[in-house]
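Below is one structure; the comments refer to it alone.
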Amino acid sequence: MNVASLDLDLDVFSGPFDLLLTLILREEVDLLEVSLADVVLSYLDHLEARGELELETTTEFIVLIAALLELKSKLMLAGDEDELLDIEPEQAAEELLARMLDARRYRSAAGHLHELLAAEHGVRFRCAPLPPNLRRTVLPPLDGSEDPRLLGEAIGRMLRMPPAISLRHIAFPRVTVAERLAHLRGLLARGGFDFDEAVHGADRMTVAVTLFALLELYKRGEADWEQRESFGGIAVRASSEAVVAVAG
Amino acid sequence: MSEPDELAPVLEALLFLSADPLSADELAEATQGMADTQQALELLREQYAPGRRGIRLRELGGGWTLASDPRSEDAARRLFSRPRTATLSPAQAETLAIVAYLQPVSRPEITRIRGVSSDSATTTLLERGLIDEAGRSQFGAVLYRTSTQFLKLFGLRSLEDLPDVARWDPTPEEQAQLRDRLLRAGEARADGAGA
Amino acid sequence: MSEPDELAPVLEALLFLSADPLSADELAEATQGMADTQQALELLREQYAPGRRGIRLRELGGGWTLASDPRSEDAARRLFSRPRTATLSPAQAETLAIVAYLQPVSRPEITRIRGVSSDSATTTLLERGLIDEAGRSQFGAVLYRTSTQFLKLFGLRSLEDLPDVARWDPTPEEQAQLRDRLLRAGEARADGAGA
């Protein structure tokens, strides 16, 4: 089988691996919500069921998973605030493609090295010490011929820390239910609104918090809504009670 | 100045004695321009033409070196009771290929390309003398490069003998297909699932 | 059974590869009696008749061996016995720096700081007399310190004369001990490589 058709059954997704990839790249499934560990476990189960190791596809799988892990870690720990959650699907696809090509390239090069080595089969070299009368004398270097700065520089190089993963820029939810309540009440005061309009241009987190705020308004009897079909628009209006209250 | 046929035996002796390949310059320097080194090497090359002798003259690792003819391998294995070199595992071959093409290259970089840790492969390649340390990267990671031993064992005159790595890249059409596969392979299913 | 002139090149290869003389019996066993070993050796002897080649076939201590022709000795001496000054490889320089600044220091510590095995560098430094053993750590690992020879090579009167590393320190504001900082950086690099 190829990696593409590996069947997955995850919390947020069930279907073949290539579909998951496609959905991630089209941003229809949030990579942050995909448990890559579960994907790996599924693959291991699959391998166990097959009882054999398919080297080619396993390598492809490892490269893809590694690339997804890196993408995911970039999403979680964006190095710069501007970059936060800012990987375009095309960019992600290009990166995955570049990874696959890189891995493929050096795997092929490794195959070529195997061929070279095989072609040299049976070629041996002489390995014998020089006759004593020809042995190279190694002169002890002169006193003071080495510069102590060499040592200080070496220490300096080894003191360098590798680039640290910064946790500074993890996005903590900055939007609060109170803020969204105020926003929705403002819209309601104008008579009513469409939910899409209320969250126009907002990020995922804001959409979720706005939905909470809407539920809160409903619970308090301030708003009613209507949705004519699944996934259709949600029309929100002030509840009749509230209207009466206002009118009264 | 003597004749090439007087110089050839001297070069032969030097090549016999030296563990490392010797360049024409090194040979010329050691023989202090006794005669034309290139002509003498040409002469030696004829004497060592494949099939004539049990020893071959090879141009490897930036110089000239003598090596056994592979036809004696069965006998050599019986006599020395060890194979010429251990074979490379797939992980070692991939690591070696990355070092050969990208040198100097660090371990994290190798790991990034392979998608898996390459520590034990790197250590084995170092122990077998196929790669050497080559300083540190700007982030402090040890860098690696291939050794003369690598060129010798793989029958290469220099790194230039390695084919262009782009040779194994898929054609632009295939790349476009791969890109499509990544972006849209599951689209039919995605649409099916979304309905 | 093949002819002596097919066996001769195989014997030639075996003699070429072996550092020690090989007896006729050993040669016969390795070639599993392909042909008459004595006849093939006779043939080789003719090919290697003195004066014809830069390599000679000699009978030595009950066996046969190849050796360079004495006429190439001048050139060989120029090539091989030129005195050479040993320089420090990057791995040796780093290992020596760790020993110089942290002494006494153990091999496992050196490895942790460098992030790669440093056994061969340590061994070379010991052989060159630049470092000495200095007892054992509480965990039983051999400890190293620099030698008087080291001070001479670097033109230092005492270890106090070692330059202040602050000059090359990428983060001089760090307060922790040099040893702890080196270990921490080494381990951080090792973790990064494993990711």
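Letters A, B and C mark the chains as written, and numbering starts fresh at 1 in each.
The rule is simple: a contact is a pair of C-beta atoms (placed from the backbone, for glycine too) under 8 Å apart; a residue touches a chain by one contact, two chains touch by 3 or more.
Keep in mind that this is a model prediction, so the values were computed, not measured.
Engineer: So which chain ends up closest to the centre of the protein, judged by Cα positions averaged per chain?
Structural biologist: Chain closest to the assembly's C-alpha mean: B.
Engineer: When A-C is set beside A-B, which has more C-beta pairs in contact?
Structural biologist: A-B
Engineer: State, to the nearest whole Å, the distance from the C-alpha centre of chain B to the C-alpha centre of chain C.
Structural biologist: 20
Engineer: How big is the gap, in whole Å, between where the Cα atoms of chain A centre and where those of chain C centre?
Structural biologist: Roughly 46 Å, centre to centre.
Engineer: With centres defined as the mean C-alpha position, give me the chain A-chain B separation in Å.
Structural biologist: Averaging C-alpha atoms per chain gives centres 37 Å apart.
Engineer: Got the chain B residues that touch at least 2 other chains?
Structural biologist: 16-17, 66, 68-69, 71-72, 76, 108, 136, 139-141
Engineer: Please list all residues of chain A that touch 2 or more other chains.
Structural biologist: As it turns out, chain A has residues touching two or more other chains at 124-127, 130-131, 134, 157-158, 160-162.
Engineer: Which of the residues in chain A end up touching chain C in this complex?
Structural biologist: Residue list for chain A touching chain C: 124-131, 133-141, 143-162, 164.
Engineer: Chain B touches which residues of chain C in the complex?
Structural biologist: Residues of chain C touching chain B: 8-14, 16-18, 22, 26, 29-32, 52-55, 66, 68-69, 71-72, 75-76, 78-80, 89-91, 114-117, 185, 189, 192-195.
Engineer: Using the touch definition up top, name the residues of chain B that touch chain A in the complex.
Structural biologist: The contact residues of chain B facing chain A are 16-17, 19, 56, 58, 65-73, 76, 84-85, 87-88, 90, 93-94, 96-98, 100-101, 108, 112-116, 136, 139-141, 152-156, 162-163, 165-166, 168-170, 175, 178-179, 181-187, 189-190, 193.
Engineer: Which of the residues in chain A end up touching chain B in this complex?
Structural biologist: Those residues of chain A that touch chain B are 4, 15-16, 18-23, 25-26, 28, 55, 62-63, 65-67, 70, 89, 93-94, 96-97, 99-114, 116-117, 119-127, 130-131, 134, 157-158, 160-163.
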